[in-house]
Amino acid sequence: MEPAISPAGYAALTILLLPLAAAAFIAFCTQREGERSANLSIGAIALGFVLSLGLFAFTGDQAVETNFNWLAVGDLHVSFGLLLDPLSKLMLLVVTGVGLMIHIYSRGYMSGDRSFRRYFGSLSLFTFSMLGIVLANNLFMMFVFWELVGVSSYLLIGFWFEKNSAADAAKKAFLTNRVGDFGFILGIILTWAAFGSVNFAELNSAVELGGRLADKSAGFSLLAEPLGKIAGGTQWWTVHPNVLVTLVGLLLFMGAMGKSAQFPLHVWLPDAMEGPTPVSALIHAATMVAAGVFMLCRIFFLLNIPGSHALEFIAWIGGFTALLAAVMALQQNDIKRILAYSTLSQLGYMVMAVGLHAPGPAMFHLTTHAAFKALLFLGAGSVIYACHHEQNIWKMGGLRVAMPRTWWTFRWGTLALCGVWPFAGFFSKDAILAAALEHNNIPLFVLGVFVAGLTTFYMSRLVLVAFCGNARSEEASHAHESPGVMTWPLVVLAVPTLLAGAVGIDAYIGKLFPGEHPPHNEGFLNNLFAPFNHNVFAAGFGLLAVVAGYQLARALYVNADRDRLPEKIGVLAKLARDRFYFDELYEWFISVTQETLARVADWVDRWIIAGFLVRGTHGATELFGRALRLVQTGSLQTYAFLFAAGVVLVLAWQLLLQSPAH
Amino acid sequence: MNVGLEHYLTVSAMLFCLGLLGVILRRNVLVIYMSLELMLNAANLALVAFSRFNENLTGQMMVFFIITVAAAEVAVGLALIVALYRKRQSAHVEDLTSLKL
Amino acid sequence: MSLLSAIFLLPLLAALLVLCIPRNYKFVIRLVALGATLASMVLALTLFAKFNAAPVENGFKFVEKHAWVSVSTLKLDIGWHLGVDGINLGLIVMGAIVAFAAACVSREIKRLEKEYYTLLLVMTGGILGAFASLNLFFFYFFHELALVPTFIMIGVWGHGENRNYATFKITIYLSLGALIALAGLIALYIQSGANTFDIVELTKAVKARPLPLAAQSLIFPLLLFGFGILVSLWPFHTWAPLGYGAAPTATAMLHAGVLKKFGLYGLLRVGIPLMPDGASAWLEILAFLCLGNIVYCGLVAMRQKDLNLLIGNSSVAHMGFIFLGIASLSLVGVTGAVVVMVAHGFLAALTFGLSGALREKTGTLEMEKFGGLLRQIPFLGAALVMAMLAGCGLPGFANFVGEAMVLFGSWRAFPLVTTLAAWGALIIGAVYMLRAVRNILHGPEKSEWAALKDASAWAKVPFVLLLAALLLLGVWPRLLTDKIQPSVAAILTMANAKTADKAPRPGDVKKAVDEAKQRAVQPR
Amino acid sequence: MNASLIVLELAVVVLGLVVLVQDWFTPAKDRRTLGYGAVLGVAVVLLYSFFAFDGTETLYAFGNAYVLDGLALWFKRFFLLAALLVLIMATEFSDSFESGQSEFFALTLFALAGMMFAASANDFMLLFVSLELITVTFYVLVSFLRRRVESLEAGVKYLILGALSSGFLVYGIALIFGSAGTMNFNELADKLANNAGLAHKQLLMAGVLLVLVGLGFKMAAVPFQIWAPDVYQGSPTPTTAFLSVGSKAAGVVLLMRLLGTAIPDLAFNLEKLLMAMAAGTILYGSLCAIPQRNLKRLLGYSSIASAGYLLLGFAVMNRAGSSAILYYLAGYLFTVLAAFTVIAVVVKEAGAEDISALGGLAQRSPLLATTLTLAMVSLAGIPPLAGFFGKFLLLKAVIAEGVRWHAYYWLFAVAVVGVLISLYYYFNVVKAIYWSKGATDMTPIPVSVPTRLALAVCIAGMLWLGINPDGALELAVEAVKSLKLA
Amino acid sequence: MAFPDILFYLFAFLTLLFGALVVANPFSRNPVTSAMFLVLTICAMAGLFVLLNAFFLAAVQILVYAGAVMVLFLFVIMLLDLKEEQRRKINLFGIVTGMGSVLGLGFLLMRTIWGGDLEQAANPSVIGDTKALGLELFTKGQFLLPFEIVSVLLLVAMVGVILLSKKELK
């Protein structure tokens, strides 16, 4: 039953397996040749990028599935399946393209590290996993690669495992992701239990059919029974299908929450900055964290089942994350952390977009964000590299002179992030704001605009403090431009940062979600002005927020040698700096729940089961034995008496109690 | 009431119990051994009585063997007691407690 | 000697051979042990390769049958009957591989080698024999044969101050379990009316005439708890971490990896199919006891300071998934349970092997004392990381496939338990596994371990082997599941024979949707 | 009258006399050869038993007082084999006797003759006389080490309690005779079958119970077990071994005859009593052994527990149970004799009987260590050794009865508890051999060739009965054929 | 009451009285006393035997028991030079429980004996004189074997006694 594989399928398979092969080869075959490892890794992803480009260019919009029967037991059929459709092709480009730049950049950034080989091995493993998510054609496979992404990010974040902070951050990232995955797998199980399939296409047709038929949630009513069992114990009652579809949606969303670091599972992302900076660029800006959003887009039809309220929830979570992260970014001083919170905030935008029934804009923003955020991270890396691993922006300053190429590209990235026309970020953010307006969700629109202002504010703060003014430390004053292997990727990434907004990505994605209002690709120049034609309010308010944010920042930070914001906003600044105490809160929560449970379980195990019950039985038996043994006094008289007593006992038992009445 | 089997058996049983009492209560090994002889004699009495009232000489034959065996047993037993007495200078059962627990 | 019997008779014969070698020829003794286990591994792999899924009568292949004890006046008929189906095939192969790995890591033994290798070989033979036997008597016989060396090995070559207590605890606990199970098996023999221990015959007899309910409700709990104790079913689990903590490496590998599966295998082979009604009353309780394993023991593992105790508790926790899968009585769940049985065998062997190697090198397993070891021992460290990740259910390793299948399969029967089990699998497992990695391998390097050497090339062999097995099955699960499925299906047909399950199954929905599609296409 | 049936016993008695007489002509230093001669003689008799009789038909002699059937023959061979191994042990041990080596051999042979007669007893008179022959001989054998006060003390204890039990036995025989008017087992069975009133006679039941007391004493069954630990500990090791195998088996075979031949129609009434006795015996033996440190005493308790397992077979009172008893006994023979042989050597070497004397045995003599380990494992009932299959058969018989009456399940539970507890102390011994600390003396222990042979026989027996039970079980089943069992 | 019955009661009374005095003599705790009363008990029993027509056994009882066995006892007592048993602390608990169990046994035996199970010939005619017993012993096979075994037993006893009481060691 193995279907014939199309050339595109082979290409996709090659793209997927190349990095794995590279990782395996690095692990087993290169001993100390770090250079060769790097080249292998870069070669694999470069080839992948070329193939992705080819796929993008030469295959049509028709989805192509390639299935290998991976597991088939009973009702559970899981194929190792690759799905090529516009969504995955776009993501392929993003992952391999941005990834390629980051790989190249890493060669420079990581040169001299004693675990160079391991670095590239892990990087390739990560690429493989990420591509797996992108290409997966069913939920199960997606989960498989989802987990693999988690573990490879664990390896990369904990790359410098000798540092306690890095080791802890890796652990935290993995565990937090696991919490999300917990929901994800339950969601998958529920979906499977309802529809009997995990394949996207099959699920989609089932949902569509359910929508067309009178019975709106054909599969989901079946879930009522086992769910009722949870809720009602012995009572079998029917849960309303709407509750069920919402629940499924939310459980699946939990996966995205973990990977895309949405509130309340956002805490791992800032800590993950302990990894090498290119890793931050790859994982925590362009790809891994985007996986959640990608997944939401992939399963949008499941979230969008009539009767489901999951999307509303998702939108609000996204919006809240965007706001929360932006506020926290205001008071960070570590250059990478600022970018990390900014990433959080932008991911919030994307998730919000999905929640606003606008997966297209979400993907659009994901794409542009991947480019400019990677650029920003790599730029930050360049700065850090130049400043001898100094990451505090208050110890930098004046870098624009010393590092011209970094400065220019970084500034472009910032502009794109803030959403300044005509940078790519403007278009994608605008699409999201427009979607909010279209769904008449004014609160979220206001929130979006406000966050846009905050974004401009903190990014301007970063740029003004780190690059402008005077050098505030020894390292900063001696900084000079990074080598070409690091700066050229910046330049390359600057191109999409400038242009990606208007090349028609939104239109390309729009084809996937025909239910929405797909924008049309009307040529580059037309696209350039499309936002203003399409929804002038969104564009206008967006730009207004940028201006306001920048003015505020300028007032506070031009030539500043310390942060004067805390004086203005008081306690909020402290809250923002201390990340609203989420880490402490979680730590407390975990210690009162899980750790207490563990303590109790351990205590019960040690004292009740192993101690009281087992040792008690043992002790009682031994005691009994010792007591019984006292009968053997050694005294013949006692023996004789016991013997006689035994005889009497036997006689009495048999003659009195067991008298042969029958 | 005519003296019958019951009466002999009663005597025998009582004698048996007396012997047992001696075994349990006396501390001198020799006396204990004598009490054991009482018990055997009680059995002999019962056997002879049964033999008589069941009209069957087998019981008496049994007594014959019991007496013989008892004689042998007594010989060995007394030799043993003598040997022990030589070691311990006592024939008291309380002194026989090197083996216990 | 047929292929199947050669697999386990070879180690037993080698044990006799070792007995005849003078004790000074340590190298020869070791060579014989290695050779025998290697040969039996190769044979097992051959068996695996030769096994095809084509259906046969009774479902067993490579059948070998001889009379052994047959006394008609006593209605006693015990025959030598071997055979494999999809369920024990994987276990035999896994056992043979683990046995070879165990023989490899036995280099740590430095005294009484002759006795040690004899016992190791006997244990190996016993384990494999138990899984190959289709006669309940030999099934039990070989299990016991393997069990005693376990005890003695822990006692003689074990570690730690708790060794004595651990030895006695494990001895008495496991013997209790075995005896209870024996009671169940004998009762089954008698009450089935077939007067046979032959599994095939028993199955036939029960198919023709199901056991009376009273008998079922007597025998099933005996088997459940007897076997349950052997498998460290909560709350009868406390022997396991303690025992494994004290055991010499190879013993822990073989016992935790292979021998422990005996009870599960027995439950699956005998308990579930022959006593469906007895089982139905207990499976729900079993499902909740699983949580004791998965969640509770997972939590306990979180508190451990000693690596072996941690692994021991985690091994107990993993048993919960197998129980859950079995309790679900669904094709997916039970197949998954069998996959976990095999996968956990490799995993447990791997983790105990690694911890043994670590102890051999450092003399301790207290996690607090370590730190940053990954730098000194990159191979062992990497293998340990992989083992730990496999232990918390990472895709790519066989455990994930099995555990996921268990979760998928048991959802319908026990949604709440499944939910909590998923929590245990994904989060609690990850917490303690990563904590171990963090404490041992990560963190600043410590000066006292600066001189630590990584494993030599030969010492890597067992770990590479086990990892490869885990990865292979993780990447290509059909290798196993396609063989397991028909056998499990046969068992479930019996298990579900009586009580027709009225609850709709996932497949039904798909069917309904397909039908609706058909209707939708038709013109109105 | 077919007097030729007693040829085996006769041969043994003559052998004993020859040993006694030959003693005069043998210088003190060569007395060992007498022991080997006795061993050889017993071996010849044992071999001859296979040519002379096949046990397929039931033969009577001496006015039906003496029976030679499968059961008798089985037990005669059992006793011969036990005596053979005990004699080897005794020959090795004879250095410790200040005097009377040859008398020890001769007395062992006379006791053997007593056991063999007991195996054929079909009459209460023969039962009594042969039992007394065993007992009286054992009085001497137990107190043989008259230099050691323990030995004498054990002798006196055995004497008094043995005589006490004889007293009960005799009284019991008297009561049976009184109520049934016969001493012959067959006649008693006939009368019971034809006279329903007889079965209800309390007098008969009381007699049976008192005989049971006497036999229970021999078997060391609760509540008549009290002598066993003291006597086991105090006796010379070969005596202990013979006591625990031969004397116990004599009790077993007589109880079998009593229940299976003499009062088959009454035996059912004893079911509960035997169950209670079995349970009590198992628990008592197992529990008391837990803290025990003296090896011989430990085996004394273990022997009590074993009596309990044997009683399980009596409690079920059917063919399966009886054949299981035989099988168990056969395994017990090899196992216990192996254990005692090792202990005899070790105790001689170490001069102490404490369990710690085994320390370092694994290094000092791997053969002894292995043998003792196997013996303990077999006693604990673990495959592939004899003890396992024996216990398996017994337990199976018990569970089979559970269908009829659920109390048997509880009996099984008690047995399981006993097995578990016994594991504890058996493994304590294994532990002492292999991993006890503080063993200082590491000199190798020499083991003589005959002892090696004896050990080899024991190991072979343990393994053979454990691995290939078919033939032996068939023999056991054949042997109990003559009993009137369900 | 017939004369034999009176004799029965007399001998029975004497037997039990002397028997009791063997076990517990309020005047003397000397084993010699016990031994002497045992002789008397045996003699009284011989009387009962005569009443039961067991003439041979009555003679044997006196000859073997009172004659040989008891002499042996006395020899040993003299040999050991046993003093009067010192009055040690009386174990009241032991006495009570011991009496209890003996009384229990007595009760059970009595209950059995008087339970109505006994069958007895109305006019028993068996006479156990020497001839009858001799014929019985030497003509009936069933007694032959025990007889021979007893001879071995006696041999064993001889050997045993020599072994145990030999003073010097070879």
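Labels A, B, C, D and E are assigned to the chains in the order they are written; within every chain, residues are numbered from 1.
What we mean here is this: a residue touches a chain if its C-beta (ideal position, glycine included) is under 8 Å from a C-beta of that chain, and two chains touch if they have at least 3 such contacts.
The shown structure was predicted, so the numbers you read here are calculated from the model rather than taken from an experiment.
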> What chains do subunit D and subunit E have as common neighbours?
Replying inline: A, B
> Going only through chains that touch each other, what is the minimum step count from subunit A to subunit C?
Replying inline: 1
>> Going by C-alpha centres, which chain would you call the most central?
In response: C
>> Suppose chain centres are the mean of their C-alpha atoms. Which chain sits farthest from subunit D?
In response: A
>> As a test of whether you follow the contact definition, which chain pair has the most C-beta contact pairs?
In response: B-E
>> Using Cα averages as centroids, what's the distance between subunit B and subunit D in whole Å?
In response: 26
> When the centre of a chain is set as the mean of its C-alpha atoms, what distance in Å lies between subunit C and subunit D?
Replying inline: 42
>> Can you work out the whole-Å distance between the CA centroids of subunit A and subunit D?
In response: 75
> Counting in whole Å, what is the centre-to-centre distance of subunit A and subunit E, each centre being its mean C-alpha position?
Replying inline: 100
>> Give the residues of subunit A touching no fewer than two other chains, as numbers and ranges.
In response: 629, 632, 634, 636-637, 640-641, 644-645, 647, 651, 655
> So which bits of subunit B are touching at least two other chains?
Replying inline: 5, 9, 16, 19-20, 23-25, 27, 29, 32-33, 49, 51, 54, 56, 58, 61, 65, 69, 72-73, 76, 80-81, 83, 94, 96, 98-100
> Considering subunit D alone, which of its residues make contact with at least two other chains?
Replying inline: 125, 128-129, 132, 136, 139-140, 143, 146, 156-157, 160, 164, 175, 178, 181, 183, 202, 206, 229-230
> Pairwise, which chains touch?
Replying inline: A-B, A-C, A-D, A-E, B-D, B-E, C-D, D-E
>> Applying the document's contact rule, which stretches of subunit E touch subunit A when the two form their complex?
In response: 94, 97-98, 101-102, 104-105, 108, 111-112
>> Quick check: in the complex, which residue numbers of subunit A touch subunit C?
In response: 69-76, 140, 143-145, 147-148, 151, 154, 158, 161-164, 167-168, 170-171, 174-175, 178-179, 181-182, 185-186, 189-190, 192-197, 205-206, 209-210, 212-213, 218-219, 222, 225-227, 229-230, 594-595, 597-602, 605, 609-610, 613-614, 618
> For subunit C, which residues count as touching subunit A in their complex?
Replying inline: 169, 172, 235, 237-238, 242, 296-297, 299-300, 302-304, 330-332, 335-336, 372, 374-375, 389, 392, 394-396, 400-401, 404-405, 407-409, 411-412, 415-416, 418-419, 422-423, 426-428, 430-431, 434-435, 437-438, 441-445, 477-478, 481-482, 484-485, 503-510, 512-513, 516-517, 520
> Contact residues on subunit C for subunit D in the complex?
Replying inline: 23, 67-71, 73-76, 112, 114-115, 141-142, 144-145, 147-148, 151-152, 155-156, 163-164, 167-168, 171-172, 175-176, 179-180, 182-183, 186-187, 189-191
> For the complex, which residues does subunit D have touching subunit C?
Replying inline: 319-320, 323, 362, 366, 370, 373, 377, 382-384, 388, 392-393, 395-396, 399-400, 402-403, 409, 412, 416, 419-420, 423-424, 427, 430-431, 434-435, 469-470, 473-474, 477
